[in-house]
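Each chain gets a letter, A, B, C and D, in the order it is written, and its residues are counted from 1.
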Amino acid sequence: MKNTEKYLPVIPVLVAYAALLAYGVLIPGKWQIASQLAFYCALGQAFNLFMGMTGYVDFGYVAFLGVGSYGMALPIYHLSDKGLGLWLIVIGIFLAAVFSFILSLAVGAVALRLRGAYFAIATIGVNEGFRFLIEGARIWNGSEGLLFFLHMRTAFGKQTATAISNYWADGMVFAVAIVAAIMTLIYMRNKVGYALTALREDEDAAKVMGINVTKYKITAFITSAVLAGILGATAWSLKYSYVYPSDVFEIHYTVEAIINVLLGGAGTLLGPLVGGIIYGVSKYFLAIILPGFQLLIFAPVIIAIIVLFPEGTVGMLKKKVIGTPLEKYII
Amino acid sequence: MSLLRCENVTKRFGGLVAVDDVTFEIKHGEIMAIVGPNGAGKTTMFNLINGVFPADEGKIWFEDMDVTDFPAYKRAHLGMGRTFQIPRPFSSATVQENIAIGAMFGASGSETSTDMAMEMADHYIDLIGLKEHRDKPAGGLTPIEKKLVEIARALAMKPKLLLMDEAMAGMNPKDIDEMVVFIKHIRDTEGIAIVAMVEHIMRAVAGLAERVIVMHQGALLVDEPTQKALTDPRVIEVYLGKPPEDEHA
Amino acid sequence: MIFEQLSGNLIQGLVLGAVYGMATMGLSLIFGVLKVVNVGHGACIMVGAYTALFMFKQFGLSPLFAVPVAMIIGMTLGLIFYYSAIRRLLKGPELATLLATFSFGVILEETIKQLFTSEVVGYNWDLPKFDIGITVLSLSKILAAVGSILVALLLYLWFNKTRAGMAMRSVVEDDDGARVCGVNVDWEYALSFSLGIGLTVTSGVLLTMFIPVGINPYMGGPYTLKAFVIAVLGGLASPYGAFFGGVVFGLVENGSYTLFAMIPGVEPFAMTRFFSFVMLLVILLIRPTGILKAK
Amino acid sequence: MLKVEKLESGYGSMQVLWGPDLEVKAGSITSLLGPNGAGKSTLLWTILGTVTPTNGKVYFEGQDVTDLPAHKKVNLGLTMVPEGKNLFKEMTVFDNLSMGAYRKEAQEVKQENLELVYSMFPILAERKDQLAGSLSGGQQQMVTIGRALMTKPKFIMMDEPSQGLAPKLIMEIFQTIVKMKEEIGLTILLVEQNAAASLGAADYVYVMHEGSIKAEGTPDEIKGSDEIKEAYLGM
């Protein structure tokens, strides 16, 4: 396959995100919905990079968003009066990436030696463990969290601070979603992706083929975690100007990540995008029709998908387009 | 220089000695068969050779390098390929991708780009005659086709030693004869040593192997050229059993 | 003084540990028979807590009466969930059962939230307290521990002395062996899942006898984590291992609480929870098959 | 007593049985010979019902039992001594035997059957409180056979009962099998690699290879025939 042809599937991804962005920008009053959908897509894209490609479930995934949000919150909270201006955001994103990198390395070094169920068991406590470490050892203000609404104003000025919360934070969520999708495609088209496919299908056979499975699992785990960290930094810290440990380590975000990936199709490129939008839209309408019932409705949906359509929307679509010109674009 | 040397290799599972103090050598380019009844320790021996789990005692040398403590993937990089008794292709990947994965991560994997691997895969697809299935997911193939894909995948690793675990189980006699010819052909063209574990299909052993190792209850019973091994009274006893009345004689 | 406090807390830990142990047996049973990890374990405990709470507040019944009710509720939930989902997923990838049991937990949590709101509630079962010198034990706690030990004992007797229990044990040991003896292995799978959930829901009742406050739909999370620590301590597939793992964990938890409380500037409650997470990782790293197991 | 018609089955997409036909007469020992991987064990598990047949029929005492699950077949009086023994290793010898008497009809005669098993294998009476996993290979084999006898069977399938045993023990096991036929009146389908010993005990012999029946006949007809050598050694 030629290089250009290899990366053709990026087109529908870019088109979809551009359409979503246009919908939010051009139609008055729709920006919040569009950015919320982008958040679900980004969450799914980032989560899919690990869960979809390796077949391992990380129940503590939200911990990476959590530490990422601290990575952004801390410099703004502590350095707002240093006159760093927008550099603070750069530092924040950098710190978010570093925090989530370190946490994923630490967790991965232990948990990724384990297989399947044992891996899941090891990860189920990560978010809680980290939350209680912050609260228990009173790190980063402990259970009181960090509130930096005023610090944002000091650092960036009132108008810019508002614009950051209302627009730029969301814009960056779009960016994370697109970067995550592109990373997924790059992985898929390179050795990493083939190694991950192999180990997802049959870990022993993969080892015998010369694949250092631990190395590739860690690669996917860290990439996925760092993207989550940056997502937490932008979608939560920058947007809301506060971080509470009880909020940012909330396991429901892991549930949402799982739903987004499964609805769309685990291990596909377009899946999390499609899944994120289906989930986001239905959640939005459910909130109007049956407020408070979203999770009660979505949890059985997960089970139904696993039992009845384990391939997800895009997985089924992929099968349909085999042999048609669309085949090159949909993965 | 031998290609592979096992020295006094022992493996225990709990109280059971699965492989008991086994020593043998494999030369470059030879076809050897390991045979023996069920539970003789053949599969365990295979797993020890290619590092699925470590030996409890003894040493394993590959081209004079001590690989006893190497994990499976490192041994694959040195040139060990393997197929499984029940074929284990990566089901969701296409035939071409399956074989390309072998090329990407095998002995010459570090110099092989994904594009090169795909081209190499095409070569092996021709070799096994599955051209029309090239872009199909391997999970949908027939068992024999899966087996062929697995062999091609192992060959694409450019191994010096190919371990084939019951490559012919579940095949009818015609397929077996074809497979024997095919395996000899790849040995001749690719110049690799082949160790086939074909403990029950004696027709294949007789037609294929130059040398036979017979294992029984974890230990090495016989290590001889094929004809000699198969007519050895100890081997016949292991297979046909000794009539009970002989015990009293 | 510190020593007294520590030994007082250790006795509390021993009593709590018995309850913890019982609260993990269901998890180990399900894993032992089906090799399924019930990620919704904590939510099942939560259902038990609400069963006790509801019967106490609504009918003024002591939590002891809630024990059989919880068992029935749990076994019914287990059967429904087994036949609607788990049975079809047993042959699939591990991912499938993990996600399914996880969703099962979410369904329980959200249902309870709709029925009882997400308010944190509790009840006050006024029973006498005993001062045993180094610590004070309430009768309610003692009943919880005794109840747990009784349930564990009953399970042990059932497994070892009854025909039905032996049949389930035989499935754990070797399912083909069980088949040639005429055991309906598929039914044993369903039954063990049902029994596992039943035991877990029941343990929720006993836990509220120990801690009758802090009841809310999302209280299960920490228990899932603790149960995993306990289960891997005891060897994951062994209900009795789990029971002893629970006792050890209760001791370690209360011991570490005492120690954390002595470090200034630290919230001992949260640190104890963090510690259980660290313990989980360490145990999994050293010995995923269980530390307490003999072999 | 048992009739198998054109049975096909396998694991996943790998077909192992290619339609063997087989008949076992009541009160006989029928021996099924063939090399490893010929599909003998798969045939037994398919007859029992743990491996689902994709085609063909199984009749037991004239009744079509093809689709009955394993436990219902055991209730009809059909059981198996599996090759891997499939013992309950962490249970005592006594508990293993008790599990054999799981079905209701077997419960009623549990005590008699227990005495029968202990009289056949006195060592098991001595070791009844030991864990089955701690016994020697030969004793474990006795437990497996004893467990099968406890189910009050009419028909037992035995998968390689002599495997891994010392020659002296093999002889004892075969004597036991003949006793089971002659003294208890059981019908036995015997899978063996140990052809010589098996031929000595059998009334009728089938030779299986590559998933189907290649030859059949009385032991004398099979003995010395070329089919066996062909199937076993490829020479």
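Things to note:
The rule is short, and it goes like this: a residue touches a chain if its C-beta (ideal position, glycine included) is under 8 Å from a C-beta of that chain, and two chains touch if they have at least 3 such contacts.
Being a predicted model, the structure only gives us computed values, none of them experimental.
In summary, the chains found to touch both subunit A and subunit D are B, C. Summarising the inter-chain layout, the chain whose CA centre lies farthest from the centre of subunit D is A.
Chain geometry summary: the mean Cα position of subunit B and that of subunit C are 47 Å apart. Subunit C and subunit D have centres, each the mean of its CA atoms, that are 43 Å apart.
For this pair, subunit B with subunit D, the centres built from the Cα atoms lie 31 Å apart. Contacts between chains close into a ring here, every chain touching precisely two others.
Pairs of chains meeting the touch criterion are A-B, A-C, B-D, C-D.
Those residues of subunit C whose C-beta lies close enough to touch subunit D in the complex are 163, 166-167, 169-170, 173-174, 176-186.
Interface residues of subunit C, counted against subunit A in their complex, comprise 31, 35, 37, 39, 84-85, 88-89, 92-96, 98-100, 102-104, 106-107, 109-111, 113-114, 221-222, 224-225, 228, 232, 260, 265-274, 276-278, 280-281, 284-285, 288. Residues of subunit D touching subunit C in their complex: 48, 50, 69-71, 74-75, 79-82, 84-91, 95, 98-100, 102-103, 106-107, 147-148, 151. Taken together, the subunit B residues at the contact with subunit D in this complex read 37-39, 86-87, 141-143, 146, 166, 169-173, 199-207, 217, 230, 236, 239-245, 247. Within the complex, the subunit A residues that touch subunit C are 51, 55-57, 59, 107, 110-111, 113-114, 116-118, 120-122, 124-126, 128-130, 132-133, 135-138, 142-143, 251, 255, 258, 262, 292-293, 295-296, 298-300, 302-303, 306-307, 310.
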